[in-house]
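The two complexes that follow have chain A in common; it is paired with chain B in the first and with chain C in the second.
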Partner chain A sequence: MKKKLMDILACPIDKYYPLELHIFEEKDEIVEGLIICPKCLRWYPIREEIPEMLPDELRDEKDELPFLKKWKNEIPKKILSEGKPFTLKIKERAMAKKNS
Partner chain B sequence: MEEDENRKNVREGYAKIATGEHYCNAQTSCCDSSTTHEELSKKMGYTEEELNSIPKGSNLGLGCGNPAALASLQEGETVIDLGSGAGVDCFLAAKKVGEKGKVIGIDMTPEMLDKARENARKGNYKNVEFRLGEIEHLPVADNTADVIISNCVINLASNKKKVYEEAFRALRSGGRIMVSDLVLKRELPASIREGAHPSSCIKTAILKDKYLKTIEEAGFKDIKILDEREYCFEEFTDDPDVKVIVANRSTDTQELKSISELDEESKRIVKETLASTLSINVSAMKP
Partner chain C sequence: MGFWQMSSQARKIFYGEYSFAVSREVYEPAEDTFLLVNNLSVNENEEVLDMGTGCGILAVLASEKARKVVAVDINPHAVTCAKRNAQLNGFATKIEVRLGNLFDAIATDEKFDLILFNAPYLPTENEKGDLIEMAWNGGRTGRRIIDQFIDNVSEYLVNKGRILLVQSNLSNLGKTLERFSRQNLQAGTIAERKVAFEKILLIEARCNR
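And then the complex of A and B:
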C-alpha cells in the first residue's frame, strides 16, 4: 500500500476519516502495518502490501491474532487491550484462566 | 444471517476460481489468458489492443463486459472498481486515468487479490491499488471518487441497496457510476434458482426494474441504460459461474461446446436461464 492511499481510506464500519496509520515494514510500499479507526478502535492489518478492510463478520480471529502478536511491541496498547474486533489481552487472560 | 451465508458462499466460490481449483480442466485452464477468455471478452466489447495491454492472467473471463465505463474515463480521475477480481478492468482503467489518476480495486476474496497484486507487479502499475474489502462496507471516505465501476459483481450481493448507497456516499458530487451487471428479464422458476450453485450469479440476481429502482433509491439521478443484451450460449458454457447452473446435472460440463450435448433437463434449464437473464450497462450520476 502507498501512504498516499490514506487520503481516501475510511473505516468501513463507521466511515470515519481520516484513519491512523502505523508502519511496521516498508520497502517501495508499506508491506506490513496497521490502520486504526480512532473513533470505533477497529484495527485493520496491512499484510503483504494489502490493506485488509473487511467488516467484522468476514474476519477470522485465528488468522489475525498472530499478526497482533507479531507486532505487539509496535501496536498502541489501547488497541491491544480494547481494539475491535479482536484483542490480545482478552485472549491471553482467557488462556491464563484456562491454565489456572 | 442469510446474507452472511450468501457472502460466505460467494467468497468461497470465487476463491476456488482464483486458485484454479474449480471449474478448470487441464486442457483449457481458466487461469491463464486462454483464447476462449479473450474471444469472449472481445464479444463483450473489449478491443484486442486493450486485451493485449494487460498482464496475462488478469482476465479470467468472469465479467459481462464494461467497455462503456472504460471509454468514459478521463485523465486524472479517481476510479473505484467494486469486485475487482484479478484486476482486468483496473488495469485497463489505469491506462485511461494516467499517472495523475488512481484506480482502487476492492474485492472480498483474498485469493483474487493475490492474483490481482501479482498482475499489478507484472505490469508495473503505479496508479493501481488493491484492498481487501466488501462492497456493502466500502473502506472509502465520503465524496472522494470520480467514478465507480463494477463488472458483473453487484448481482452477487444480497443487499444491493447498501452497495449503491455506499457507492453514492463515496462519490463526489457530479461523480458517476458505470456498472455492468446481470439482471433478470422475468422471474426465474424457483426450481432453477434453488438448484443453482451457491456462488452463482443467478441465485441473487433481481428483476431489471427493481435493480434500476434500487439505484434511484440510493439517490442517483440521470440513470441510463447504455447497453442491454441477452447472453449467448457460448458465454454460458465458458462462464465458470454460470457453468455450475448445470454442473450438478451434467457430468461433463467443462467440455460443453454446444447446447445439444446437454441432457434434456439441463437443456431446459439453460434455455430458461438464457431467456430470463440480461446483461445491462448502466450509468448514473450523483447530483
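And then the complex of A and C:
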C-alpha cells in the first residue's frame, strides 16, 4: 500500500477521517501495517501490501488474530484490548506487556 | 489432497501475452468478463478503477495504457490472486490492489477516468452466499450490488469520465439506465452476448458534468 493513501482514506464503517497508520514492514510500499480508526477503534490490517478494509461481518477472526499476535508489541494497547472487531485474549495481552 | 483439489487449486488462464493464476476461491473469467475485455478501451495515461477485480484480468489489460489502476474486491482470495497476477504480468507498480466492499477502500478524493465493473448480477433466492458466490449473487432481483454501485459511482468519476458495467437482461436493464440518469449519467448498451439462459449486456455510462 502506498503511504499517500492514508492522507485521503476514511473508515468504511463510520466514515471518520483521518485514520491512523502504523507501519510494521516497509519496502517501496507498506508491506505490513495497521490502519486504525481512532473514533470507533476498528483496526484494518495491511498484509502483502494490500489494505484490508472489510466490514465486520466479512472478517475472519481465525485468519486475522495471528496477525494481531505477530505485531502485538507494535500495536497500541488500546487496540489490543478494546479494538474492533476482535481483540487479543487477556492472557496474550499480558504476554505482550511483559515482552515490551 | 485429492486430484480435484490439486487440479483446481490454481487454474491458469491465458489471454494474449498474459497469464493469470485463478485460485479455487476466485471467480474464473467467463463470458461476462470477456464481453468487457473485448470492448475495453483505455486511453494513454488514464486512471482506472477495476471494481470486483477477481483474478485481476481487467486490471492487467487496462494497465497497458493506463497510468494507474486501482483494483478492488470483497473476496480476500481474489485480491491476493490479483496482486500475484499484477506481479506476474509486470504491472506491480501500476496496479494498486485493495480489499473492501464496493467503494469502501476508495477515498472520495480519488477520481477515475474509467470505472469497470463486472457486477454480481444474477437474481437468486439465496441472499447471502460464500465468497465465490459474491462474485455473481445479485440478491433476489439481481440488483442488490448494481444499485449500490450506481448510486455512489459518480462521486469517483472525473468530468467526462466513463463507466463500463456488465449485467444480465435478467437483472432489469431499464432500472439500470433509469438509475444512471438519476445520477446525471448518460447510459446505454454498447455490446451484448447471448449465453445459455440469458443475455449479457455491456452498458456504458458517461458523466457530462
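In the analysis below, the second predicted complex is superposed on the first by the 89 of 100 C-alpha atoms of A that agree within 3 Å, B and C clash if a C-alpha of one lies under 4 Å from a C-alpha of the other, contacts with A are read in each partner's own complex, and residues count from 1 in each chain.
Definition applied: contacts are C-beta pairs under 8 Å (C-beta built on N, C-alpha and C of every residue); 3 or more make two chains touch, one makes a residue touch a chain.
Bear in mind the structure is a predicted one, so any value in this text is a computation, not a measurement.
For the composite obtained by superposing both complexes on chain A, the positions of chain B and chain C are in clash.
Taking chain A as the reference chain, the count of touched residues is higher for B when chain B and chain C are set side by side.
Residues 1-2, 5, 8-10, 12, 48-55, 58 of chain A lie in contact with chain B in one complex and with chain C in the other.
Residues of chain C touching chain A in their complex: 74, 76, 79-80, 83, 93, 96-101, 104-105, 107-110. On chain A, the positions that touch chain C within their shared complex are 1-2, 5, 8-10, 12, 28, 48-55, 58, 60, 63. Residue ranges on chain A touching chain B, taken from their complex, read 1-2, 5, 7-13, 15, 17-18, 44, 48-55, 57-58. Put simply, chain B touches chain A in their complex at residues 4, 7, 11, 78, 104, 108, 113, 117, 129-134, 136-142, 144-145, 169.
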